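See below for the structure under consideration.
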Amino acid sequence: MTEENESLFEAPPMGEQERMVEAILFASADPVTIRDLAGRMPHGSEPAEALVHLRKRYEGRGVRVVKVGDAWAIRTAPDLGFLMQKETVETRKLSRAAIETLAIVAYHQPVTRAEIEEIRGVSVSRGTIDQLLELDWIKLGRRRMTPGRPVTFVVTEAFLDHFGLESARDLPGLKELRQAGLLDNRPPPGSDLPETEAGDDDQVDLFQAESDDAYLEDDIIDDDM
Amino acid sequence: MTEENESLFEAPPMGEQERMVEAILFASADPVTIRDLAGRMPHGSEPAEALVHLRKRYEGRGVRVVKVGDAWAIRTAPDLGFLMQKETVETRKLSRAAIETLAIVAYHQPVTRAEIEEIRGVSVSRGTIDQLLELDWIKLGRRRMTPGRPVTFVVTEAFLDHFGLESARDLPGLKELRQAGLLDNRPPPGSDLPETEAGDDDQVDLFQAESDDAYLEDDIIDDDM
Amino acid sequence: MSDNNSILETSVAERLASEALIVDVDGYEGPLDLLLTLSRTQKVDLRKISVLQLAEQYLEFVEKAKELRIELAADYLVMAAWLAFLKSRLLLPPDPKEEGPSGEELAAHLAFQLERLAAMRDASARLMGRDRLARDFFARGVTEDVTRIRKVTYTANILDLMQAYSRIRTKDEFRPLSFESRDSILTMEQALDRMRGLIGFSGEWTDIMSYLPEDWAGDPKRRRSATASTFAATLELAKEGKLEIRQHETFAPLQIRKREPQGD
């Protein structure tokens, strides 16, 4: 099949495609992926291009075309939030543990529970993880390829949507934190020794990450997002 | 209070008001009245005028500003309604009643409903006949020239197409069915069909099965149709 | 505000803080959280924090808690033991024979952990302070769900068809009509007997259907059988010259009457 053949399907003109993307995004509360858009539009349509036009068209308007991960949505301009008291949804107040855990997942993802505990210095309760999973702000990532194959957590598209982020790369201060080495999973000194003396075991448990290889995947945040 | 006093509150510029109306209409679950708009916008705003501008702005777009009763809303442009539908094709097996009815029509055509019931030994629901008619696998044949002039059913071209037959006469006869192992060797008790006869008669007797006793009944059968 | 005042205030604040520490020990999320809080009192960049001083503060805190007979969770005590160990490492000149990380390395790592925790706290605050969906910006209020139009297509192949037909044809229940059930059959003999008895009274043209036995006229199967056998019986009787049959037009009711003996 050559490209000429494909063009026989005659995609609608770009202006029409833009209208279609506009209608679809308006109709959905959740972000819509390019793939979904393409699936719903006539054959040969190029939603990605239509989105560029549409986004421009809505610049400075009361609603905006925003990117959420791999998907797109229309959202009201944040400066008009004051008009919307009526629509405001009271969200359950998150515990400090939940908020910190969420931030750690966002900045360190994919991250294991043991790593979260290592960073916070306390154990993470089941309820905290459950709450974040329920909010659909975090989800399970790939298993870490280390002994025990622990599950990892990553943030979701709903998280990005909620906090108005295009991608996890846009997390505030991410670059600075990385440059400061604060996103490094720096193993505690001496942890590369076969086994520390018996007496230190407790504190090794507390402050040592589950294992050294765990940190091979340090920069995965890039691969994943 | 004079009008000059009111203007001290300095309503936002019309462009801003338009943005506000846009955001409110977008985010509201229900259409919003001008009064509601005015109540939510800064003092001195003129939502009615802003609406005129907004409505014009959306002319020809993928969504439109429409009046719903006394209130206003943003809705998908009618010509794009098709984007909000997703057709899924589901393939299902024909029900036993339908396939049996179809088989009887194919082998005995033209056949009345009463005859179908007689052969199946159970009544045939209106739905089954309708389904086969809808599938365009059977159609109405000539009326039987018997009292009550009952309608008969015959198979269609589409039926032959679907089943890869040149004509209904190509359907295998009882003997062939038996040879193919599709039919028990045991003749139906009391069956008077001459199915054991040699030759190609099978076909004929299948199409004759309506003979004999079947026909006196017609006047009565019609009442049931 | 004078310097004196501020010093005074600070010491009051510190005193209050240390009391709060003890009262609120449960309010801390573990030793690291407590250490972070203590480190704040040093009022320096976390990178320049004196871990030795911090260790001392922590140990002091644990001592105080003991004096006040506050039960500390095990991990606080573990941390205390570790910090005591760290403190000794930091104070004593390094022993070249001793294996493992130096006191400085351990201290640096603790400082790193504190800084990292602080950074995450800061990040979470910034995150929660962002414009947020359904609070600062909003999604579409009326959504139009994609209506799924389910189009069902039915399939059957020739094998299905043939199997269905053979199933009907070989069904045990299948019987030709005349064998189906004896009690729905009015035999021609029965009808003939009945007609012979009745025809003598019929001088007028009468609809043949009125000759059906009353209890056979309701149920369609019985009515059907009775009609057939009654009709056959009338033909038989007509052949015998016992009655006459007439019909005004096709499908009109059949009428019969007694035939008067001829030649009379």
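We call the chains A, B and C, going by the order they appear; numbering starts again at 1 in every chain.
Basically, a residue touches a chain if its C-beta (ideal position, glycine included) is under 8 Å from a C-beta of that chain, and two chains touch if they have at least 3 such contacts.
The structure displayed is predicted, hence computed values, not measured ones.
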By label, the chains that touch chain A as well as chain C are B
Most remote chain w.r.t. Chain A, using mean C-alpha positions, is B
Of all chains shown, smallest offset between own Cα centre and global Cα centre goes to C
Note: chain C sits from chain B at a C-alpha centroid distance in Å of 27
Cα centre of chain A to Cα centre of chain B, whole Å, reads 43
Going by residue number, chain C touches two or more other chains at 138-141, 144, 146
Chain B residues touching 2+ other chains are 23, 26-29, 74, 76, 84, 86
Within their complex, chain B touches chain A through residues 18-24, 26-29, 40-41, 60-63, 74, 76-77, 80, 83-84, 86
Seen from chain C, its contact residues with chain B in the complex are 138-142, 144-158, 160-179, 220, 223-224, 227-228, 231, 251
Interface with chain C, chain A side, in the complex: residues 26-30, 40, 73-78, 81, 84, 87-89, 91, 94, 96-97, 99-100, 102-104, 106-107, 119-122, 161-165, 171-173, 177, 180-182, 186, 188-190, 193, 196, 200, 202-203, 206-207
The answer for chain C against chain A in the complex is residues 29-33, 75, 78-79, 81-82, 99-102, 105-106, 108-109, 112-113, 115-117, 119-124, 126-128, 130-141, 143-144, 146
